[in-house]
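A single structure is presented below for examination.
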């Protein structure tokens, strides 16, 4: 079965190619009575929109979303929500350069072998343009989670070799990088200018956090909350690694150091990233992802064509030197989709549960 | 919905608590005609079996699996395969020590809040004992994959602070650690002895590789092969991070360095770990996971009880100082389950596809 | 989870309300390389289109479908196919008459209680207008099934009290009723004229047949082919009964009469309707459905409003006196969707199967 | 994908062949805190057990169920419930008679062609023995539904040509037929004696009713409550037709006759069978099914063998002359499974819904 659906109860299915007529999605399973309109979705879309930052692709897309169904008089009705963004900037151009050539680091080679046919225009379905619909659906999820006191925040925690030193959430929207550390911004800025000059690209690390989490979300043993977060984040273009809480640092940790002790006023630490046994602890849910450098660079490279013949490749045109930047709102969206789905899943089975033991306050 | 099923076509559902009557699973969707018997499954189970290594829990379980259905005259029939392992070493003991106390780093707190009730005996469903059925099902998947030329191999690549220096697959089964580097074994051995003496535990890093992969497995945009691998590996107890290919190293890489160029004789490198755009490239699929140190240690710790009162906790009994060791066969099993499911998913939609372009040979 | 998706491998998700901005669907999992364009889909849509027959609703909708994705240079690419029909005939009218009133026989009462809110305009999501997208998706399924030699044909076999006497498929498209018996047409015509005069409506029986079926489709024990056909046909608005083969006639049959004997040249009869043990036999798959009379009639009736107060109700406007007529292409579409999904499901698990026993030719 | 799972939230997966080592199932998603033990399940199993009625197969199976997991101190814990029945009456016999022959009316022919291999012993997976696990899981569902005020009752409403004249539920368990009409019992008894003498079998009609239904269950447009009821009932061995409410009688009904008017004290009638627009109305949910006569009869018949050669066939041994009798508890179980699953699905999305309009009392 093809895999363009995410979620079990809050279920999002998307369609659309980079240079096709448009992108769309269906959100099925949204609880009724939620206030949703196009403006609410547009705010999130605009964060991801190409051309917003100086360091992202300069493709110009209005990315105007239209709601076709499922919302009546400003509220969701419980029926499926149909969303559409028509593509406007499909520059009719000559694709002969990439039609028969496999761009290294791209999905040209794999898509053609999978389906025996591919829409080569702008990467087709494998383009990051697809993520617009993730962000649109994520906006609806975030609106609902807010009614439950849950909020999602993301930021770039490392750009190439340069990591942030501190986190001040109020800074995140004050720069071109979703950077939470004002002191790092100018360094990143200079790094990116040099990179653009070199025609190269670089990787990035993104951190996403969910606050106000309830205890109890997650469905062991396979559909653990952390497992589904790992899947949804790894499904973002260019992501090559996912960490929950301390992530790979746990390899060298001792048990006496890692385990988060409990006290009458809360957990003493949050090494676990807010998940124990695949179920949320009520602490902040913390995840980190690694994004590879985009492969569309102007540094020349080697490849082959569909006939197996060696070819040179240089990517021209509008591309992100660091795809990590635009990935912040996408990662927020994916985390929101996953948590919302698990919230609904949890209550399906456990709506009658009353826990008489004290739920300790979250410490982080 | 509860999450005890993994896979869409090759679908495995498990049950069983640590100290219940037994563990079982149903494998639905196994292709017919595959040679399977109890001995084939037992080989994999024995790798994971407690008490096999000096450095794993000394609980004694025969872990003898019985096939109840779906196999006739030595071959799978296409009907569901029912497997059962009866628990034999359920030492009837006094659980009053842990009945009302939340062990830090364990799922006691989260399970109780999720369901309002928990089977506290030995961790109940959250015990690593549950993974026996993953290994059993994985043995069937590995047997089928072998008929398609695909094999899975896993090893420990780092124990606490000590990483391996090289990989020689022939060494993996020659020591207590699934260590592929003979020169590291004695170092790890000494490290573990010291750790046991200190009553502490440590984390580990495991690497799993699938060889002989075909091009084309994976279902973008959400059910990418790497996304489903991330989920299945993150669903293993104690895993806190998953990497595909270069993983978190990509953060500091340049595009010119990361992209794997194509040549008429194959890919020039495998930074991608064998996945591009969520679809297998035909190269080796390479994944790494980080496992946290077990929280069951004899170093005393603080916690609370179900009444919110502060309590001291010391874990007694049989526990793994490094859960990473036994995780190797589990990680192999999970990778096998995921690849097999994607193989069947792929052919459902694409069985008629004939790719006329040359499939280049895998280079790694 | 909300239920706007049908199919597991060939998966169709729809959205859209009667008087919203439009209707759409996503077809995920269509095999690549299939020739599909808007004209192919339009042919089926036009069969169902309101206003086509003198005896169906006179609402005027162009029902022009647009393909947004998943088709490139005239062929499916394996990526999700996005379809959209914009609503054009949304007469802005006064809904105050039905806003607070539950029309008997309609879903007003149940939708409001389910979601606490409803789009009352024209029945909202519960309108038969929703079925346009089933027909659009069904057109794609029928095109694919044709490449495998499978064709679907439907007809009305009874209108109110008057049943057909014989089946001549060449007659079906020659009248306003999808009637396969030329001798019955004038009788039905007169019956419908009288009915319209009386302002009443009547039920109908539809028969759908799949020809050229392979042996082996269907997934016991729950997802039997007949069980999934029953579900997909019962999911059509107004359907109250489903039969496979002899259906309710089997109640009074003897075993010696019902069982279809096998001969070297094929089955001797087809009482089973082409399914044994939930798996297709290779004979024609035959199903019948009962459609209730539409509840939108001009005969006055009693009901209550949202305050529980008694009210009179008379339906004005454009309505079908026999919804069964337009149900023929819908039933064909649903049967096509189900068979195609099962075809792909079957081959996922069984693609390697070679049956050496003789597959006998279908006799019916 | 193979189809041995039913339900989305309350999910039941079964395994087991007629003459294999045993039958089992996993119930995943059962709400925690429900009182369940083996005795509760056994009561329902005993209703279905072979040899209970003089007119069902005389195979002797203890059908003793064992709970392996998911229940702790008498209550469900929210983790998967593993159930097992070991087969005890696997008479080791000579299968050479049926090994290579396709019994007409049975699934021998279709299973072999589907999977290329079949367990021919006693019908393998296609045997009605499989339904034991449906009944076991249904017992758990019925126990939970009872806590919500919902009860399920089934009875035989027609045996061969003889229909009941009235329904007195207190009579159902007072005879060998689940017959609710005392006056019909002797007639059925005589009919069955004659039938047994003739070595033939006959069909039956079963009615199942759910009482105490809430308004709002069902997930249009595809997963309507009636559609899922149709599927679950059609998935029972030998069922060839399903009706909701008036069923096929609606074909000849007028709209003015069929629509159930609403009054301040409730619905005036229940032609709909308790479902409007695919959503429960709060009235009794009423369904009827048609079961074909069993094909295992001692009347000789014609068939072919696996080599395509003509063969005679006579079924010897223990078989039900009317499979409809034992189908009553199975149909009850399937209805319970479907309603419970929809109850949980409904609340996943709509748990926050407060309907301020008056919910009228059910009239039927």
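Of note:
First chain written, first letter: the chains are A, B, C and D, and each begins at residue 1.
Everything that follows uses one rule, which is that contacts are C-beta pairs under 8 Å (C-beta built on N, C-alpha and C of every residue); 3 or more make two chains touch, one makes a residue touch a chain.
A quick map from chain label to UniProt name: A, B, C, D = Chorismate synthase.
Everything quoted here is computed from the prediction, not taken from an experiment.
Chain centres here are C-alpha means, and the one lying farthest from subunit D is A. Counting C-beta pairs in contact across C-D and across B-C shows that the higher total falls to C-D. The centroid of the Cα atoms in subunit A and the matching centroid in subunit C are 38 Å apart. Each chain gets a centre from the mean of its Cα atoms; for subunit C and subunit D, those two points are 26 Å apart. Centroid to centroid, with C-alpha atoms defining each point, subunit B and subunit C lie 45 Å apart. Residue positions of subunit D with contacts to 2 or more other chains are 1-5, 8-9, 14, 29, 32-33, 78, 114-116, 125, 345, 348-350, 353. Listing the residues of subunit A that touch subunit D in their complex gives 1, 8-9, 29-33, 78, 344-345, 347-353.
Residues of subunit D that touch subunit B in their complex: 1-5, 8-9, 11, 13-17, 20-26, 28-29, 32-33, 66-70, 72, 75, 77-82, 84, 114-119, 124-125. Contacts from subunit A toward subunit B in the complex involve residues 1-6, 8-9, 14, 102, 104-107, 109-116, 125-126, 130, 158, 160-161, 200-205, 215-216, 218-224, 226-235, 237, 240-264, 268, 271-273, 275-282, 290-297, 299, 301-304, 306-310, 345-346, 348-350, 353-355, 357-360.
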